[in-house]
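In what follows, chain A forms one complex with chain B and a second complex with chain C.
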Partner chain A sequence: MSSYSYAAPTSVDEAVEVLATNAASGQRTQCLAGGTDVLVQMSSVDREPRLLVDVKHIEETNAIDIGNNEIYIGAAIPSAILNENEELKALLPGLIESADLIGSTQIQGRASIGGNLCNSSPAGDTIPALIAVGAQCVIAGPDGTREVATEDFITGVGTNCMSDSEFLLGLKIPRPGARTSDAYLRFIPRTEMDIAVAGAGVALTLDENGVCTAARVSIGAVAPTALLVQEAADALIGTNVDDVALQAAADACSAAASPISDKRGTVVYRRKVVGVLCKRAGAIARDRASA
Partner chain B sequence: MAKVHVTTSVNNQPQEFLCEPQESLLNCLRDEINLTGTKEGCATGDCGACSVLVDGRLVCSCLMLGVEAEGKEVTTIEGIAEPDGLHVIQQKFLEHAALQCGICTPGFIVAAKALLDKHKDPDEETIRYWLAGNLCRCTGYDKIIRAVQDAAKELAA
Partner chain C sequence: MAEAVDLKAIGTRPIRPDGIEKVTGRANFGADLNLPGMLHGKILRSPHAHARIKSIDVSRALALDGVISAVSGKDFPEKSGNDLGVNIIARDKVLYDGHAVAAVAATSAFVAEQALALIDVEYEVLEPVLSIDQALSDNAPLVNENNHTNGDTSKPASNVAAYQIMSRGDVEKGFAEADVIIEGEYRVPTAHQGYIEPHACTAAMNEDGRGTIWCSTQGQFDVRSNTAAVLDKAVSSIRVIPSEIGGGFGGKTTIYLEPVALHMSELTGRPVKMVMSREEVFRATGPTSATLCRAKVGAKKDGTITAATAWLAYEAGAFPGAPIGPGCMSVLAPYDLDNFKIEGNDVLVNKPKVCAYRAPGAPQSMHAMECAIDELARELDMDPIDLRMKNCSDEGTVAPYGPTFPPIGLKACLEATKAHPNYQKAKPENGGRGIAVGFWFNIGMQSSAEVRIAENGGVTIMEGSPDIGGSRASMCLMASETLGIPYEQINAHVGDTEGTGYCNTTGGSRTTFATGMAVIQACEDIIAQCKQRAALTWDLDVDQVDWEDGQAVPKPGVNADVSPLSLADIARSAGRTGGPLLGRASLNAQGAGASFSVNWTDVKVDKETGRIDVKAFTAIQDAGKAIHPAYVEGQMQGGAVQGLGWALNEEYIYNDDGIMENAGFLDYRIPVASDMPMIDTQIVEVPNPSHPYGVRGVGETPIVAPLAATSNAVRDALGFRIYDLPLSPPRVLEAIDEQENA
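Then we have the complex of A and B:
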């Protein structure tokens, strides 16, 4: 393709057709939601012309549906809108905080959870939070829609499981029941507007006695992709999520991490900090669940 | 590909322009419709100099395509002043000397307008966090914060 082009389909079928036609012609396609990653890449590391498919004009990418069993968040909803939704903030405080951590007020006016996921950076803040709450990615393609667990969506640094003729429609999250909550924490060297050195998301459920009956723990920025750490969840389940259990979960996170050393942090530092973040996020999720 | 025809509204005026699909809204504002009040600082969404409102929401115009403005309401620094003179925020920036070189100022004023449209009585922390995406290398920020606080007080009066 010698020049850029732009399409703004208004339905899932139209979008899939545009994507499939362009993929069949051998030309490059990139979906555009808030554009806060795409436009930066277009003007720096990746100037190759392509078809930009704006997915913001489709009903399903803009919907928020808080059902009795399931919560649906459209892929193109900007963080600012999520943050203005008090019901979502009460139900999924950790996930919404993770979206709120990304960028300035200006960035939040455009950047979406779906875009953060599709950009598939190892350091994407919403990704561990999505994995922790058990989000399923709803992907539209020529054969209809399919669902993939968030931990299986990203396949490597900047890559994911979608083909050129597919796009992310939204995220389905089980509605948290009683005594269930989540938290996400990341470490950055200043108070905001930076990229995570390490991050940890924890979602858990307590019974009437404060014993943890279900947990999911995910870590970010310490491996090529965000990871679901089953050993950390196992360390919490069956406990009161006390300091001993949290330390065991933290140790499991440090063990599961396979970080790199770069300007943001060393391997040793990231491995330690991700455990600390797991411990602190676990305590916040516990306190929220028992509130 | 041929240029795309975009029909939009800028500062409550209908606007049409032609642009390349990959052209930023910032460049379209400056080069296609000659509204040069909106500044380019970093062009990567870090500095906020290019801040505009799109359908009332604060965004970096360097991180939005011109073609995405189709059917939208865009407000730039040129649309902030009142018919009979400066907006209170602009006046307070002058009174508090909240600018030196002036490159960041349009972005700060548009961002402050978005803040005061949403929060009538923001505390200092709220103002500082809201404006964290606007960088100023001259003032040290303090005068800007004072100007916004004073504007909020006057707007509430």
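Then we have the complex of A and C:
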């Protein structure tokens, strides 16, 4: 009879030690935060025994720190906590909305941005939103912590840059300045409880005249990993983010996408819709930034 | 027929007898039973849509610690090699992705699952038949080399299992008289019933050859007879105890696991429990048919329909039995026609054997015809209600399937639609409105009921119809009305096959009508007995006693100085007047009244993403007499949502090899609550003269009209028609793009 083992370290050092020891022994390890992906996989597709390292009892994975220059969000913070944080919602409305799209209200009591990122699905909703706001992933490991840009964190479908002895501590996001905001939209055939067919996150800064001075555009579910689309950002920078600029950004997103046809949508469909989402998210971010 | 004004209980909305157990989580469902020494059974399923089984070797599985039994098709009786038996466990061929190939019983579900990976099966993969077009094409592979259409072996083997035709008049002449002719070809995808509770059972075979099965089913008596047939046992050697049921909608009218579990229990001497995963439910149990329907209708300028034809082809799955009969019966039922021709084809494909789903067969064929009627109204520039009113079936119309309609409520539903505030309201800006008629003929069949009176006058109804839609509440209300006692004094129980008289399966909207009639008759039996007991007590003749408001009283004019005797009074002294009070009835109910409906919906279409937003939906339906109006409304709302889901996103997706790609609720998209508007309902009551209180079945009809209503609304919003379902965003966007580029 096979069985699982479980560890719940309470400090970063302890967690790193558990992970490193287990990795050295050759036993499979998986980190657990809210468990909304891991536990579902374990009860359906992948029942192999493993050590589960529960990382949500560590101070650094549970902290939110809104600094003057930087915002820190612990990897295990559940979406429900983020959704209730009015200050974060005002600063990073698109990112918080993306967290609010994951699962149902009940699921959001457990589901975390960190978990969504570590699950590394091409369709993860928070990932394009994190890329758009320029989030850095803080990774703890035997050699201390290191930081990796979100767009570089994910390396493929279901894979990321962390080794077996590392885990995600949290996310650092530059605090948005004046006339800066973001938006994230995804397309699903239903209204909730579904997986993105395509997604687009846009973060931008306007000057006093409403001219876009900085922008980041990211798209999801249309390639093996979420993509940072520089051409789409370039289409917005220097414009008033009007319909013409938004359409140019949309076309850049459609061009950058390399989707597959599957049960959730066709190549043609995803390519087109990811552009529509970029256009709509861009308009929302613009309106928020100028509000 | 009781006068409506006299009714006291019927038409009220009390809480259901099974409510508290369900909302507190105490109710026992199919997977809730555990027995000492129980084993867990699991099924190995085919990874191919069509293949010959060359060999099966279970020896490595049997060698695994904890595995007690491993069986395959050859271990089952030769006699059970009929369609039902071969569907439950394959013999020489696997016929669809998920077809059961072998089974194991082990000391835990985990071990059983591990053992499946140790069963060695050698397949010779064959080309699968995956669509009606392919099945009907020349040189198509044959799902079953021995299948000849309608059993006619003088013709070559074919993938068409059955063909039927209904006709009247001369359609050529009718179309020649028409000023306008509408023709179209419509496809509806395979749809799942979407019941929440997967199939589950526990079976225990005793050494004396008597077996017991606990399971979730719509019909314990069918589980008994079908299991007995598959295992070549006497029907009476098996007892079936139905659990509470977590949804069925037709999907639990057949068996999958029960004979396998009982057989492995017999082999091991231990109880065997089997529970399907959601994936197994999708891959291996019966959804309803994907269809290809051609509808043609012609009319004069004034809207008089002169002829209509329907050619229907329904996927049966790997074994014959698509619901082409009901599909043909329903397609033109709303119309009084002199000339029509309806053809049905039951087509074999390498997919799971279809099963009933709410109004089996009617939503698909009526989708085609109600879309055609909508196009006809546009072409004639007529209001779609007026067009239907001009041609609708009514009392005295000879239905396309033969009988002459007694009073029916179609006209009343059409009139109610015109008068409804939602219909008079403007449709949403840039949106569309679609309307369609629904129909189900309803069925009666066999039912039994007992009414038992406790010493304090408490009433227990014992009947055999598993309660899938609040029927116990309806039984109690009809008993309350008949006996003249409060609803709260009555409880209804669904008995097992040993504990109650025979009832046909709950389905076809028969239960409140037929089992209800048995309950009413059993109550009348009680009343007759009570009058006798009172007469005995009072030393009167029985014809000098009346039953009024739940008590025996002397008839007016009878000179007797006695106090009325309540049911409790009579029950308390029953030992002195002849023994316990026990009423019973058994019947084969005739005259199930057809139920018509009119549905309309308002939609908006996102033309950049193809997404449809359902803004409003209204369902009007003839219930004959709504025993419990809240549950009738619930049936109407539930059916509407299931129909909308089928119209919008639900479909089985197979890859080119015939492997199902969306075997789960994530990618088989039934609507979530936030997708749906409030489903407004209005019950119309045109009493069914064949039922004491006028009941018509109401459970099937609600799913029929939403498909065409949605299609017609999207047609209205877009300005052109999309003929196929589902109207999923990729399909709609592709159609919009094609239209723009045309």
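Convention: the second predicted complex is superposed on the first by the 289 of 291 C-alpha atoms of A that agree within 3 Å, B and C clash if a C-alpha of one lies under 4 Å from a C-alpha of the other, contacts with A are read in each partner's own complex, and residues count from 1 in each chain.
What we mean here is this: a contact is a pair of C-beta atoms (placed from the backbone, for glycine too) under 8 Å apart; a residue touches a chain by one contact, two chains touch by 3 or more.
What you see is a predicted model, and the numbers here were worked out from it, not measured in a lab.
Peer 1: Should A:D65 be classified as contacting the first partner (chain B), the second (chain C), both, or neither?
Peer 2: The answer is neither, since A:D65 touches no partner chain.
Peer 1: Considering only touches as defined above, state whether A:E147 meets chain B (first), chain C (second), both or neither.
Peer 2: neither
Peer 1: Does chain B (first) or chain C (second) touch A:D13, or do both, or does neither?
Peer 2: neither
Peer 1: After superposition on the shared chain, which partner residues are touched by A:V276: those of chain B (first), chain C (second), both, or neither?
Peer 2: After superposition on chain A, A:V276 lies in contact with chain C alone.
Peer 1: In the overlay, answer first, second, both or neither for which of chain B and chain C A:D194 touches.
Peer 2: second
Peer 1: For A:K263, using the defined touch cut-off, is the partner it touches chain B, chain C, both, or neither? Pick first, second, both or neither.
Peer 2: second
Peer 1: Which touches a greater number of chain A residues, chain B or chain C?
Peer 2: B
Peer 1: Identify the partner contact of A:A80: answer first if only chain B is touched, second if only chain C is, both if each is, neither if none is.
Peer 2: The answer is first: A:A80 touches chain B but not chain C.
Peer 1: List the residues of chain A that touch chain B in one complex and chain C in the other.
Peer 2: Common to the two interfaces on chain A: residues 44, 192-193.
Peer 1: Give every residue of chain A touching chain B within the complex, in rising order.
Peer 2: Within the complex, chain A contacts chain B at residues 3-6, 8, 32, 34-36, 39-40, 42-44, 49, 52, 54, 56, 78, 80, 103-107, 109-110, 192-193.
Peer 1: Could you pull out which chain B residues touch chain A in their complex?
Peer 2: 1, 4, 20-22, 24, 43-46, 48, 51, 54, 57-60, 62-65, 67-68, 70, 111, 114-115, 129-134
Peer 1: Quick check on the complex: what are the chain A residues that touch chain C?
Peer 2: 1-2, 44, 47, 187, 189-195, 197, 262-266, 268-269, 272-273, 276
Peer 1: Could you list, by residue number, the parts of chain C that touch chain A in their complex?
Peer 2: 66, 108, 110-111, 113, 277, 279, 608-611, 648-649, 653, 661-662, 666-667, 669, 671-672, 674-675, 728-730, 733-734
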